[in-house]
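Quick one: the structure is below, and I'll ask about it shortly.
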Amino acid sequence: MKIAVISCIHGNYEALNEVLLDIDRHQVEQIYCLGDLVGYGPYPNAVVEMIRSLDIPTCQGCWDEDVVEGLNACECSYPSLLAEKRGRLAHEWTNQEIHPETRSFLAQLPLSLRDGNLCFVHGSPHSQHEYMLPDMHAFTAMERVLATGADTLFCGHTHIPYVRQLESGQLQVRVSSGQSSQRPNQQTSNFSAPLKRIVNAGSVGEPRHGRTNATYVLYDAETEQVTLREVEYDYQKTCAAIVEKGLPSIFAWRLARGLEFAERADDPTHVCER
Amino acid sequence: MQTFPLTLVAGPPGAGKTTWIRQQLDGAERFAYLNLGADAVRIDATYLAAEVPELVVWSSWLPELADFTKYQTYIELDFHIDLGSLVLPTEFADCHRVAVLPPGIRQTEWHDWADVIVTGTETRVPLQPPQLWRSLLTGQVLDFASLTTVWDELINGAYGHVQRAKGIFEVTDGRSLYFDFVAGDPEPTSTELDLPRWLEGRPNRFSGVEVVGEQLDETAIAQTLKDCCLDDRTLAYYQQQVREFLEDG
Amino acid sequence: MVIWAILSGIEGNLAAYEAVLADIKRQRQPVEELYILGDIIAATPASANVIQRIRSPRDHEPEPQVCRGWWEEQLLILHGSGRTGEPTELIEYYGAEQVKALWDAIPRSTVNWIQSLDFGFFELDCLLIHGSTVSVSDELTPNTPPIQMLDRLMRMDANYLFCGRSGLTFQYEIQQGSITSSVTTLDHTAPPQATLVKPRQVIGVGNVGRIPGQATYTLYNPYANQVEFRTVRYGPRKGFQSI
């Protein structure tokens, strides 16, 4: 069985449409979506309506959560004052723009999805806001996969697609327990981790890999092969709509350069305690 | 008539006027500098003063004529000052005139005006007079990550075609930074000025920005810079953190 | 020589806390720092006395450094300043009637002090915290999977993590480890890379007040990296009381 995984559409209807056409050409049996349907881009309602009408199983992203729950991101999750101000502008605009049915669709999205030995989340299994970057410490990455019980973890949120294979993991531990350190009950054991994979689906609507193309992934369950796809779309149309709909024109400028609308947090594993 | 050891320096934006003056100051004594036309936005003067501590900087047309006998003085003429209509005291009539021009240009009013032509940096001399936007930022403190984002956007054309941009900015950790960009220069520079860290309240020293270009969206530049600035509470918080960090470290 | 005493879970048991303080005073190496990793209160009126005692150390007693525990978090939730809105964990573990008991037990005048407590301390290469880097409720035990332990240590890049949620005394050493990782992006494939793990450990510091008559806590020498678990018996059954 072949599946397609898409993520981080951010109201970019043009990009979503082109990606769905590309998926059509690959005889895919199931599409999964990792959230962030809205935020920054000009067509949040159209994107949600498309996902809803195609019945694509979707988990909730941080932007979807913020639109439902009210802005919840703390200032520490923004890398700069400027990114925070822009994030707030995008949030307020989206909040005004979306229809009640869009909001209620986003509200009922689950945090994770399961399909056999595959698990799907937006950021990480622990938080929608956590960035699993390709250079995350390999053991931390392994912990995230093991926390789900799956063999392959699909995530998004970073907007740069990658496949990471983790293997030959082993840890040696010694545990002493008991009431007194004079007579410890000591035990040494070895732990080995099975082969696991993390697949980041990139971003349909807000690419950050340095080009303007939308990205997503294909996965073949039989061969376990992952294909990173890059799809051209008419980003000028989205840029024009951003300006036309009254979103800050700097978003259009950044989108046209594959720069993402706002920078990413400096400390990617940081999760707000608030 | 008395003569004065005076040099007037003119040229298009980004050609390297300040850089050339900076080179003349090395190893010498009793120099003074005056920038004509920069008004309150004293980026070049602040930069030179930080680089050459012995330099005397006249921030406006205040010196007495007698002062000009005491120093070897460089007067930098801002590009938008019309050389033809520039009226100087008659005592300055035989001063030294230097034009710093990009390589390869000929037959400009600078050629007619100057005694000496210095070849500076490659920069496009616009056909029409370019747009000039300046903003005094004294007292404002920017968050460094925001500053680098907006500067990057600015010099890459997010707010119109920028030919020349320079600025002195105060950042959260108390440093004063000098940013310098000329279109076509592969390496835009930014350096830390050799000034003490300002870690108590709003800095009471010059900072500001100047952008020269075409079709500049001045409102957007001003608003974006404003969005990078810290409010009083945040500024006090970070200044305390930096003070504690420096004391510990 | 510097010795730290690290304890957790007084849970409103003043006699147990006094017994531990007395044991600390009896140490040959003087104890310089006293860390209390939360759960100083429980849903009992006696908790107010413990707060009082902690806030007024006597002469020659180290000034206690206290961080927030699970019970303190539950109280702050009731007062609308916790990290969640509802005391779901309190009801789940202790029943709904404990909500009122906890509310009644702790004087409003001390809530501000409790709210001012740190979430944990980072000293040298040691993290001292009630639960873990994840939350006050995160319970680390000798049976926690090693990868989870490693994750909790690496979240704050601590070599030593002292915690008290389980109430157990244990020393969980990650002695060594390695893993191989390879990454493929749109633009290139990086060859497999091995990552090694340096030794780190998690230490359960015990529990002072939960079991009547028996308190456990931990002494630590941060320069020699020596851990010693102490068990203190107290109360009428042992024939002496250290108050």
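Labels for the chains are A, B and C, by order of writing; each one numbers its residues from 1.
Convention: a contact is a pair of C-beta atoms (placed from the backbone, for glycine too) under 8 Å apart; a residue touches a chain by one contact, two chains touch by 3 or more.
Just so it is clear, the structure is predicted and the values come from calculations on it, not from any experiment.
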Graph class of chain-chain contacts, one of line, ring, star, complete, other: line
Farthest chain relative to chain A (centres taken as mean CA coordinates): B
Distance-to-centre winner among chains (Cα means, whole assembly as reference): A
Centre distance in Å when chain A and chain C are each reduced to the mean of their C-alpha atoms: 34
Whole-Å gap separating chain A and chain B, where each centre is the average of the chain's CA atoms: 44
Between chain B and chain C, centroid-to-centroid distance (C-alpha), Å: 56
Overlap residues in chain A, where contacts from two or more other chains coincide: none
Residues of chain C that touch chain A when the two form their complex: 83, 119, 134, 142, 145-151, 154-155, 168-187, 192-195, 197, 204, 216, 227-229, 231
Contacting residues of chain A [partner chain B, same complex]: 79-83, 85-86, 249-250, 253-254, 257, 263, 266
Sites on chain A touched by chain C in the complex: 126, 134-135, 137-143, 146-147, 160-181, 184, 188, 191, 193, 202, 209, 215, 228, 230, 269, 273-274
Chain B residues touching chain A - in the complex, by the definition given at the top: 143, 145-146, 149-150, 153, 156, 158, 220, 224, 227-230
